[in-house]
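Two complexes, one shared chain (subunit A), two partners (subunit B, subunit C).
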Partner chain A sequence: MTSVAGDPVAPAAVLRNRTHRRSIARLLSTVALAAPLTVWLAALVAVPLGILVVYSFWRVVAFQIVHVYSLANYRASFSRVFLRALENSLVIGLSTAAITCVIAFALAWAVRFRVRRGKNLLLLAIVAASAGSYLARIYAWRGILGAQGAINSFLTAVHLTSGPLGFLIFNRGAVIVALVNLFVPYAFLPIYANLLAVDPEILEAGRVLGAGPIRNLRHVALPLTAVGLATSFVYVLIFATGDFAIPTFLGGPTGLPAAQVIQSQFGEIFNWPLGAAMAIVYLLVLGGISALLAVYAGRRSRRLAR
Partner chain B sequence: MAAGVGAVAAPAAKLRVEGLRFRYRTTEALAGVDLAIAEGEFVSILGPSGCGKTTLLRVVAGLLAPDAGRVFLSGRDITHQPPERRQLNMVFQHLALFPHLSVVENVAFGLRFQGEPKRIRSEKAGEMLDLVGLAGFERRSTHQLSGGQQQRVALARALVTEPEILLLDEPLGSLDFAIRKEMQAELKAIQRRLHITFVFVTHDQTEAMAMSDRVILMRAGAIVQDASPVETYLNPVDAFAASFVGETNLLQGVVESVAAGVCSIRIGGARVRVAAPDALAAGAHVAVSIRPEHITLRRAGAPATIAGRVENESFVGPEVLGEVATSIGLLKTRESAVRAPVGRLGDEVGVEIDGSRARVFLLDASA
Partner chain C sequence: MRLRLPGWPWLVIGGTLLFLYGPVFVTGLFSFSDSNVAGFPLRALTVRWYVNLWHDPQFRESGLFSVKIAAVSTVIAVLIGTPAALAAARSRSVGMRFLSGFYVVPLLLPALVLAVSMAAMFRLLNVRLTFWTVLAGHVVMSAPLIFLVVGARLRGFDWSLPDAARVLGASQVQAFLRVTAPLLAPAVLGGAILAFAISMDNFVVSLFLTGGSSTLPLLIWSRMREFFDPTVNAMATLYIVMTLLAAVIAERVSGLRATRAAS
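== the complex of A and B ==
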């Protein structure tokens, strides 16, 4: 700004002009800051997604993709197989997200308010728990839950059971256990960051004002950490619902995940348009749930920032 | 602890604590505290930081469990009750307003747990906001309020549940001077109107003196003095009490002679005659507390206790606060600004000490 900057009685028009120029500068810098990510997302998400949408309206005739537009793929994707797989994935995703958030919240709470000594070491350990190969984890869980696994060997050795317990592995429960184990460190961080901003005095105020531990959790602690919880929930939900290696290796034969059904359309079945339509349906369902949670979290955070 | 008191304390006390002990890792925050506070009293707990005053408040609130001792509220033993079961409330040092709730929701918070229906809750909260002068602010967010207004919300939130006592943990500490003065007067007025027992923790002695019926002075986890503000100021029990409450000149001396309740004390080159406390013998090492207002400056050459030179003077409106260098040290003085000053900066003056108002404390042999 030039000479008007120091003028104590700048006329209204000048002031308006100045504010206007300032807001343009702000807009430009915002665009500049957002540009790299915008280009990246456009190239690697928006374009492939567009291609996927186009594919979903084409057809396959005699192992050839023909460019005829129809809604047939969408009708076909509401088949029993895909809907059951979608339901299975969502049940796994929602359960995993819920259980993970409860565990991560309890852990974050303990680290924030209970642990006094060795806090940094503990934080390091939690972050370190997110390292480690994904495939190694799957095999580790097979080693723990399997018929000759650690749990069954122990139970048999101490004569609590006469033979291996079959229900430990190859079902939805085993899948959820492995997914929760995978995601707890990731869910921990947003919740912990949120709890760092919660003054312990506020929790004490709730108690003194007559809220017992449970009611204090409900009326004070949870509303104050809703944003962190929703963030973690959506994050875990998206990745747990979309996972197909863990359900494949630890799930039962009946629990086919949606991601695997979709993947097979692009693989052995070779029906890319149907796979694309299924993927779009999948994205809309998961995106809808995530959007609802994001709106909820956004409202919460606006309210806190006001 | 009084023997034979049993589980129920004397009914007269609204709050009573007996033999409270609390230890943080290495420091003894409460070293056996006994205290009784009557209904409707405004009591300040005063002391330097780390003296245990906040610990005492937190033990009473139930936020800390004492290592030993009991807490009675209206004669009931509440030592092992969780905070939410105690019929008391607290205004926190950083106010601890709920950021996710509006002003009226903050105030109504405690009523929810008393089983009040929603309509009654917001009605009572509205009335209380009216009382603290925040009518019309109900829907605001607490972030939109000034420090003084947030203070009022915290107070309203703590009073609306009609607690038997209200604990206040240095709640005015974050306010600037003018608002602080205003809030002091307002707190006092509200306390008188509602007749709720207030226990007010502060490290600011002027605040404690200005507001309370009684000042409980603490140091190192123990109560040093428990008396009215006037009594605390005029008759401090020891050198610490004398120097912490109000300004004073604390001088070391030796008792020369004691006769008929008056003793003569030699402080460096000066001799001061003061009213003698009990058990003071010739040769005893003592600390003498002389308030600045008990020192009178005279023209150089006029009869005086000791000679000095004005080293510092600051005009604070009705008074001139000065420092006079003497052979027994730098003495703080306080003179009315109405009269013409006896000496200006650098002038030689006579210093007259009013020994009858001085207080004498026997120093420990170790000191």
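== the complex of A and C ==
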């Protein structure tokens, strides 16, 4: 095939015809390239989510799902039990997200501005920490926080305590510790990427102009990294509230989060329609909070741009 | 600079690394501990749990199942994710921009919601849960990842290179195979390694979409629930070594740049 540019004598009509044909070919090839993934995700994400919505209006009678439409599941979702579970989820999710972001920010700051040698190796070590079996890690926390775990053995060995401390495990705190451990590497990346764009000279300028470390952080560094921080925060919030394995193993009997309640509806309790309604309520609450955070972060970084 | 208190950055870095690798380290330690309880002090060292694992038919079976699922789902994810990334990189249309947003939805939704909605659909359509349903679910999780990693590589891609090949007389197919594909290969390979590792570690999707067979994480889950079983530590240690290697290789192959741009 000859290119249009290499054909100087082609009349205008032929040229137009060729570009026209070429743009159609281009469109067709784009459609062909995008089709497989589009179809796969439409069939296995979009359609199932729609079906989940339909399920949420059905009922279970004698362990059979009956296709009768009612709002009963939503009424049950707004019962005190599930609202308490949602509250537990949000407390766990928001504290995990906040702690994770503080650690990730401090870490990203230290790596960005204070590390000179071995930076790549350090970055690799941080990112690689997200690898490794997720369930095995939960298991390991029992060996760390449990009655005979690393912390209690150490405390008893140095005679700081006479017996094992029971409050280390099987409560909300243990759940949050395990979640933070899981998400720090993920939260680190967007914040670090933001900090890469922050020129150390800007911070130096703030200092020269008389801003103390706290003011410099609040008025210079935080607005510059608002987008990265918000991304990390929302990401951790979504995945921390969506987890049910960690509360199952480390959370103890009280303060069940929504994800664990939803999982049990699809598992042991076998009330899929109710589980579907709960999942949708949970998604809407989460979506609302994420949208608010996104708007807030967008406004902060825009205010800076002005 | 007055801010520079001696050592605080290294305190943060050291403390965080200790925290991040603490569970990994403890798991490795317990996997060699000659005791039936997870606790200190460690009395003696043993490789008993690894030997048990080697002779454990359930471990072999679910290990094989996991590897099959991970391998096939990664191949499918690459085959459908890479073309979509190419389409998104070449087209500026509104429709394509909408689709690019749609493709990352699985990465933004809690896996629990994705998994139960797929299970609900399969149940409604009377699809029996087998290898194929698990496979379909794993591709949902990994194809968007391939799309992002390859897409990140394409953002800095110099389209004048394949164009130059065309001007020099290469056909469209030749230009793709000889110029575009080799330039994309590192990103595709890096994404594939990540997708494989993520599939091997996937727990939630497998839990809701499997029929009788267990993946490795499902085996670990059931053993964790039943009783204290030190072979879980041995299994986990093998796992961690494997995924750490995968992460290091992926980094070597495609560089942190791809991961960073993807997030």
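Rule of thumb we're sticking to: the second predicted complex is superposed on the first by the 255 of 306 C-alpha atoms of A that agree within 3 Å, B and C clash if a C-alpha of one lies under 4 Å from a C-alpha of the other, contacts with A are read in each partner's own complex, and residues count from 1 in each chain.
What we mean here is this: a residue touches a chain if its C-beta (ideal position, glycine included) is under 8 Å from a C-beta of that chain, and two chains touch if they have at least 3 such contacts.
For clarity, every value in this text was computed on a predicted model and none was experimentally measured.
Once the two complexes are overlaid on the shared chain, A:69 sits clear of subunit B and of subunit C alike. Shared-chain residue A:262: touches subunit C; no touch with subunit B.
Within the superposed three-chain model, A:270 lies out of touch with both subunit B and subunit C [touch as defined at top].
Of the two partner chains placed by superposition, only subunit B is touched by A:223; subunit C is not. Judged by the touch definition given at the top, the superposed model places A:199 against subunit B, while subunit C stays out of reach. In the superposed model, A:211 makes contact with subunit B only, not with subunit C. After superposition on the shared chain, subunit A has more residues touched by C, the comparison being subunit B against subunit C. Within the superposed three-chain model, A:78 lies out of touch with both subunit B and subunit C [touch as defined at top].
On subunit A, the surface patch touched by subunit B in one complex and by subunit C in the other comprises residues 204, 207. By the touch rule above, subunit B contacts subunit A in their complex via residues 61-63, 82-84, 86, 88-90, 92-94, 96-100, 109-110, 112-114, 141, 143-144, 157-158, 161.
Within the complex formed with subunit A, the residues of subunit C that make contact are 1-4, 8-10, 12-13, 16-17, 19-24, 26-27, 30, 37-41, 79-81, 83-84, 86-88, 90-91, 93, 96, 99, 102-103, 105-106, 108-114, 116-121, 123-124, 136-137, 139-140, 143-144, 147, 166-167, 171, 197, 201, 203-204, 208, 217, 220-221, 224, 232-233, 235-237, 239-240, 243-244, 246-248, 251, 256, 259-261, 263. Looking at the complex, you find that subunit A touches subunit B at residues 199, 201-202, 204-212, 215-216, 219-220, 223-224, 300, 303-306.
Subunit A contributes residues 1, 3, 6, 26, 29-34, 36-38, 40-41, 44-49, 51-52, 55, 65, 103, 106-107, 109-111, 113-115, 120, 122-144, 146-150, 153-154, 157, 181, 184-186, 189-190, 192-193, 204, 207, 213, 231, 238-239, 241-245, 249, 259, 262-263, 266, 272, 275-276, 279, 282-283, 286 to its touches with subunit C in the complex.
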